[in-house]
Structure formats: structure tokens, C-alpha cells
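Each structure below is given as C-alpha cells.
Below, subunit A partners subunit B and then partners subunit C, in two separate complexes.
The block that comes next holds the complex of A and B.
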């Protein structure tokens, strides 16, 4: 069976991370690495902390009031809590559960980030638009009218546009929070294909409720329960031979 | 845009691996007839192919397990994966019997097999063709080709009956040493069993196409 090299370089490393929302501890002593150029999936029931951890990776949690944390998160060895969040997010992009294109044209959506962060010529923007939309698998469907209102696209197209918008900034890490839960099976298949494709150049970290999706797209998988990381490992191993009974019970759908 | 390209590649790999195993097994069946006729090189070749065969079997089973575990195949894909997982046992069993024939032949008096006339090469040829057709039928979901395998098994059974009658006659006549006769019959029986396994492969071909499994060749 295909496996990943456990010694593959860690692009993102979480080390003994605890996080509290007020008095509630959402993450408990989490230590986990996400290998470079691979897809890491985080699975677990609602409220297990997987989305909190994902959002912490580009500092969408710790800046909120009443949130405190201990431990470290590093990207390429640099502690994310020690850098400017805007700078961090150039390197760590995010795709959300529900497609959230800006109310502007397709092209303006893709160019939104580059226009604000760099001096880019019109020609370069054209090229960047095409490259990003091609990589997001959307180019052929929208190339004839890039001035089309992004809100007029279908849900699956909007989500791929959001992926194009994220990769236009050239992030090294791409976070995806249940990116297909609002999509039909065909669009889901397209986004899953993209995750595999994008992992060639980006480190992809995805939160999903769909365990079958985790098996299809991820190289490494981590199972969370009640704020704890129960188990993590190469996806084929985790699904074939989970070491912890709680993992096996969750994967097989047995409770109680 | 295309979807599930990695899964599609995995299924393509599986078909290619099964095809490769089929080709190797057919070659080994043909080699067993040469070994039975005293060709030492053919016997050595058969002995040497054991490890390759084991590795290929493991690779096929691993691909099947991986596809079932990680890709959740359904419909025709599920039948390809489960059918491959099952037929690989039949192919490998046929191959093991080819090797057993070479071992038995090596311990028999030189050219003793010829006392059965041309029955052994004929049986080997029939069985090799059956395995070839059954594997192709599975890979192309061709029930017509699978049906031709079922009918070919009758010819193999007839050849076995012929070999059995010849052995009985030889024992009675004392033309060859009676000691060699059980081995002569054993070799003919190996080919007859191979024909049954080829039928089972053909049955997996029908299963792949229709979802129905008839249980051919199962005692």
C-alpha cells in the first residue's frame, strides 16, 4: 500500500499547543507535523478542535479576545505567533467551508490579493489570472468572460474561484476548512482532484467531516476528539490499523 | 476537468498487473509441458520464477486492498477490484501446479511421460489457452470469451480420461515400470485441475461483467 515517508520534512509543526476560549480548553497539548508537499487531513466529530487548530495555523483564533494559548506553531521553523498575521497569511492561504467570492468580477477576485500586496503590471495580472484559474481547474469554464460577476457562478465554480484566489498569492501552505461540504458530488470530485494536484507545489491541510474524502485525498491523517489529538499517521495505516480504540470506533461508526 | 485521476491510475495499474500475471502463468504452463518432456532448462526456469510470481501476487493484493480501503470503489470498479483479488489466487495456484509438474517430472525416468502419447503436451496447450482466454475475458469483461473457456474444459476432461485409460492399460501390460504410473496420472490430474481453475477465472470474468457468479470449477 502507498505510504508516506514519516521522515518527510515538516512544513508546519505544532508543538504542545494548548488553546482556551475563555475557560473552555479547545486544544489540549497538541503536537503534530504536516509534511511538505503532502495533503494532511484532520478528522473528528464536531467540537473536537480540528477547525480551531486549522485556524490557529494562520492566526485566525489567537487574536480574538479571551483566547489564550501555550505552545508553538511553526511554519518552516518560524513561530507563527511571532510574525505579523498579514505577513503570515501571504504564506499560509485559506479556503473556507462556504464559497465566499467577493462581489466583483472573476478576474478581480483572483487579482485582489496581488494588487494589494505587490506592484503587478496588467500583463502580469492577466497571466496570473490565467495561471491561477487553470490550476484551479476553472479556466476553461470562465475564460470567455472574466468580467463576469463571480456571484453568478455555481457553488462548485465559486469554490474553485476561491481556491484560484488563494493560490494567486503563491502561498506555501493552503488551509482548507471543509471545502466541499457545501458542494454537489461532481464539484466535490473536482475540488478533491485539485487538492491532490495542488499538493505538488503546496502543503495542503484540510479539515473534513467526510472520512472517505480523507482517504481519497490525504497522505497523512490526524484524528481529534474533545480537543485531543488521539492519533496521527500515514492515511493508509490510520485507516487500516488504527492504534487507538477510539480511532477505530470513530472510523467504523461504532459508538456507545 | 477530469476527476479521480489517481484512482483511475490505480485501477489501470491493477488491470496491467493482472494482465502481466496472466502472461507469466500461461508461459509457465507451457514450460511445464517442456519440463515434463525432460527439458531441464524449462524446469529450472519454472523454479526461478517463483519469487517474481510471489511479488506480483503481493503487488496485486496490495493494490486491491489499497483501492478498497482508500477509494471506496463501487459498481463495475468494485467488481474489478474484488474479482482481481479472487482470481489472483487461481492464477497463482495454476502456476504452483506448473512448478509441481516440473518437480514430479524431474524425479521420473527420462521421457517416461511420452508413454502417455501426446496427451500431456495437448493438455498443457489446452490449459494455457484457457488461462489466456479467461484472463483476457476478465480484463475486457467479455462473457463470450469466458463461455469459450467453460466449453474448452470439456476437452481437458476428455484428455484426462484418455490419460487415465492409458495408465490403466500400461499397468496391465507392464510396458513401463508400474512405479512411474501414479506420477503419470498425477501430472495429468494437475492439468485437469488447472482447467478447473481457469474456469473459475472465467467465472470472475462473468462476475465482472454481470455481477453474477456461477461457481464454475468449484468442487
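The block that comes next holds the complex of A and C.
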């Protein structure tokens, strides 16, 4: 059994989840827990269902047509399908594969969510902007011109801005869908470092194509194949001693 | 085996093929350039002809402000000019909000089912409806059935029918062009679909929407057929100090008949008896064209300015 799960409580728990897009079954009987305050990585070849599972955790999967599911997904013991999706997303933030800042200033991007959801004073917003940008490791690069257009930033800066925008909402869980696949190696390194730091205050769940990335950033790792969860466990253990032949084949590059 | 020598070698055939496709390329380029040249020549000829013939009247302030004459020379197009703009503004005031609502619904909310397909097809059909048909419908319904007579109200409602399908399509396309990632970003921040639409998608689509609205304004401004039987072919003299909304000479009265520039051109050419008919007609055409040109330039400028403001703040 997972040794991590015994140390840290499960923040997110997926229990016997099946999910279909129309007739296509994208997830088959998935049971997995994501420990609180840790980074959980989900790996596997394209189309294996890892992104679908990630998008189920904040119910972004609801957006597709004809989606149905069986089984349960809980955050802090609360069934995500039983709460309002917009409320759920305040608690479960998300960062996407391609940086998607809004076409507005850096500060407006960070303050966007909080402004929409709560009455916040200007002073609070200034402070929130600074803390969020600092925590996203972007503050020093942009502090002199917060009114600068966010689309004028580099790809890596835009992605860190999107992270700042997500954490400004104070989410407990942060989902990251291949957050570095559109970035250069230096920006990738920065974002990976961020994931480690963010996991002190947030439960981070990351989907990645990059197995080295999974070993660098994650505490727990889950390997998916064709909609099935093949194997999950503490990252070092999974990489060093995979229990399943398919995991071993994938990790050693024999297919994928 | 005599045939073998007459079959060209691989290299010779390849070279021949390369020459042939190069010639095809030159030929196609030549034909396409000629076609574009022809289109441009026609355009320049029409615009030039109208401007040259109407130049004398175009800068004549009294022509632009005075009322038309029935029998004498020297009449102006003041009321027609005002009517054109007033009808345009009323039409936009009605059609923009309706189109915006319909487009947002179709682009963001409408489920992908038979009813939506029917609605989309209906809108496309309506956008290619001949304007004279819209005009006759307006005559039967607004003018006669509703009893509003030849009036600005009847005219602007007919123009609205004519304008809505085009606007809906433009706005819908503008919304659909906003990348999916922007929608995801909004929703992932816990915004509702409505908030995402209002605060993320509409601002992002705004430059294209404004351009579309202004371009449609150009079409509406120059429309004649839909107005002949709805807004009427007479232009009562207007008294801008008259605020009695029931009076025919009150400019703002929506129940008065209102001939526009385009209708004026049609009318004086078909039944005008003034001696300077040709000069008036040419002058009106030039004014109309300059206005539409101005709308097009404004559309470009406004679209760019809004895009700049949205991204530069």
C-alpha cells in the first residue's frame, strides 16, 4: 500500500470512477487518492485518460457533451458532483497546458477571480497581487509595471501569471494540466520548482507527459493506460520498482 | 525493342514536368492578377464617376442642409440626410441588443440539437432574403396591419429585420473565434457561464463585434428597397425647434414619413421633374457613398482602437 497515504491524509479521493463520452469509456474503474500537501503526478501516453480524470476533479469535464459517470470523486470527503461546480472551482483551481491569461493587465489578471467573487478593497487587491505574484515567482520580473499587458509577457511568464491568478483565489487543490509542455526548458524548471513550493500550502495534482518531470516534482505518481489506472504509488518506488509489467515497459520507453 | 529508345528517360520526363508546372504557375498568376486588376478597375471607375459627377454638390453646404424642391432647381437633401442617420440610429438601437442576445445564445448556450440547427438555418436564409421582400413584408405588416403608416418606425423595423441576421452571424462568429482556453480560464476561476461570457468572451470579441456593427451600419445606411414601402418616399420639411412628437415636422417623431438618401436617388430618377435632376441625383449619390466609405474607415479604426485599449490598459 501507499506509504504516503498513511502519512498524509487523502485530500482528493477517486473511488471506482467510470466515465463515458457518449459511447466511449474514457475512464475505467479508477480508484486513487491524492494526499494533502503533496504533489501527485499522473502519467501515461496520450489518450490514456489522465487529463480527463484531472478535469473531472474540478468538473471541467462537465463542459463536454454527453458525459456521464459512475462512482465518486470527493474533495475533503465532499462529493464533487453534489456541489455547485462554480463553488467547487473556488476550492480546486486549475492551470492549463497553454498559458491563457486574459487580454488585460498583469494586475487585472491576478485580481480577476477575487474581484468577481468578493468585495475586496484596493489595498487588499494590491497586497493580494503582490503575494500571489511572489508565490508564483513572477513578482521581481513584473513589479515595476503591473499595468503592463499580460499578453506582452513571454510564454513562461504568462504561465506563472496563470498560476498567480489561480492561487489568488486561495484554492486548496491546484490542478495542472501539462503546465510546462508549451514552455522552454528554463521556464519549465521555474514552474517545476514552483510546484514543489506550492505543495506546502496546496495539494498539487499535475498531469505530465514528461516522466523526468514526474520524478522531479511528484511525491506520488499514478500511471494510466487506455483509461485504466495501472499502478500508483510513491514516486521513487514506482519508478524504481514498478509492480506491473506495463508500467515497467512504459517507464523504460518500450512503448508510449 | 525499338520502342525503348523512344521512351524519354526519367530525368527528361521530370524536367519536362517541372517546365510544365512552372508554366501553369505563371499562367495562373497572370490570370489571377488580371481578375483582380479588372475588379479594381471597375471599382475605381464607379467610385470615380460618382465622386467626379457629384463633387460640385458634395461640398455645397446649402445642398446638404436645405430641403428638396418639387419643381424648381436648387433643392437640397437636408431632411434626407437627417432621416438616413435617424433611421440608422433607431435600427441599431433595436437590432444590436437583439442580435447580441441571439448570438450569445447561439454561440454559448444553444444545445447542439435540431431546433438550434433550424434556428441557424433560418437566420442564414433571412440574411439572404432580398431586401424588396423585406420591404413588402414591412409594408403589409408594419404599415398596414399595425397601422403605423409610412413612418420611421415601420422603416427602422424593416431595416432591423434586414440587419439582425447579418449581425447575429457576425457576432456569433466573433464569439466563436475567442479561443476555448479563455473560456476554460474563466470557468476554472469559478465564474459562471454567464460571467465568463460577459466579462471574458464579450470583451475579447468586442473589436470584431464593433467592426461588424459599423459595417452593417453601412449596409443599412445605403438600403433603399426595404424602405420605399415602409419609411415612404416623402420627406416633410423638418423644424429642429419643434419638439411636438406628434407633428410631421418634428424631426424626432417616429410616426412621420422619412425618405432617406438612397430612396431619394431612386425617387427623383423615377418620377422627379426638377430641372437639375441629374445634379441632385449625382450629388446625393456622392454624399451617400462618402458616408458609407466613412463607415468602413470608422469600422477599421474602431476595431483597432478597441483591440488596442483592451490589451494596453
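FYI, the second predicted complex is superposed on the first by the 244 of 256 C-alpha atoms of A that agree within 3 Å, B and C clash if a C-alpha of one lies under 4 Å from a C-alpha of the other, contacts with A are read in each partner's own complex, and residues count from 1 in each chain.
As a convention for this text, contacts are C-beta pairs under 8 Å (C-beta built on N, C-alpha and C of every residue); 3 or more make two chains touch, one makes a residue touch a chain.
In this text the structure is predicted, and so the values were computed from the model without any measurement.
In the superposition on chain A, A:105 makes contact with subunit C only, not with subunit B. For subunit A, the partner that touches more of its residues is C, with subunit B and subunit C as the two candidates.
When both complexes are overlaid on chain A, the residue A:247 reaches neither subunit B nor subunit C.
With both structures placed on the common chain, the touch criterion links A:89 to subunit C but leaves subunit B unconnected. In the superposed model, A:212 makes contact with subunit B only, not with subunit C.
Look at A:158: by the touch rule set out above, it reaches neither subunit B nor subunit C. In the superposition on chain A, A:65 makes contact with subunit C only, while subunit B stays out of contact range.
Once the two complexes are overlaid on the shared chain, A:149 sits against subunit C while remaining clear of subunit B.
Residue contacts after overlaying the shared chain place A:192 against subunit B, while subunit C stays out of touching range.
Across the complex, subunit B is touched by residues 1-2, 137, 140, 186, 189-190, 192-193, 196, 212, 215-216, 235-236, 239-240 of subunit A. On the subunit B side of its complex with subunit A, the touching residues are 1-7, 62, 65-66, 69-72. By the touch criterion given at the top, residues 58, 60, 63, 65, 86-90, 93-94, 96, 98, 100-105, 108, 112-113, 116-117, 147, 149, 151, 162, 165-166, 169 of subunit A touch subunit C in their complex.
Residues 112, 179, 181-182, 184-185, 187-192, 195, 199-200, 203-204, 310-313 of subunit C are the ones that touch subunit A when the two sit in their complex.
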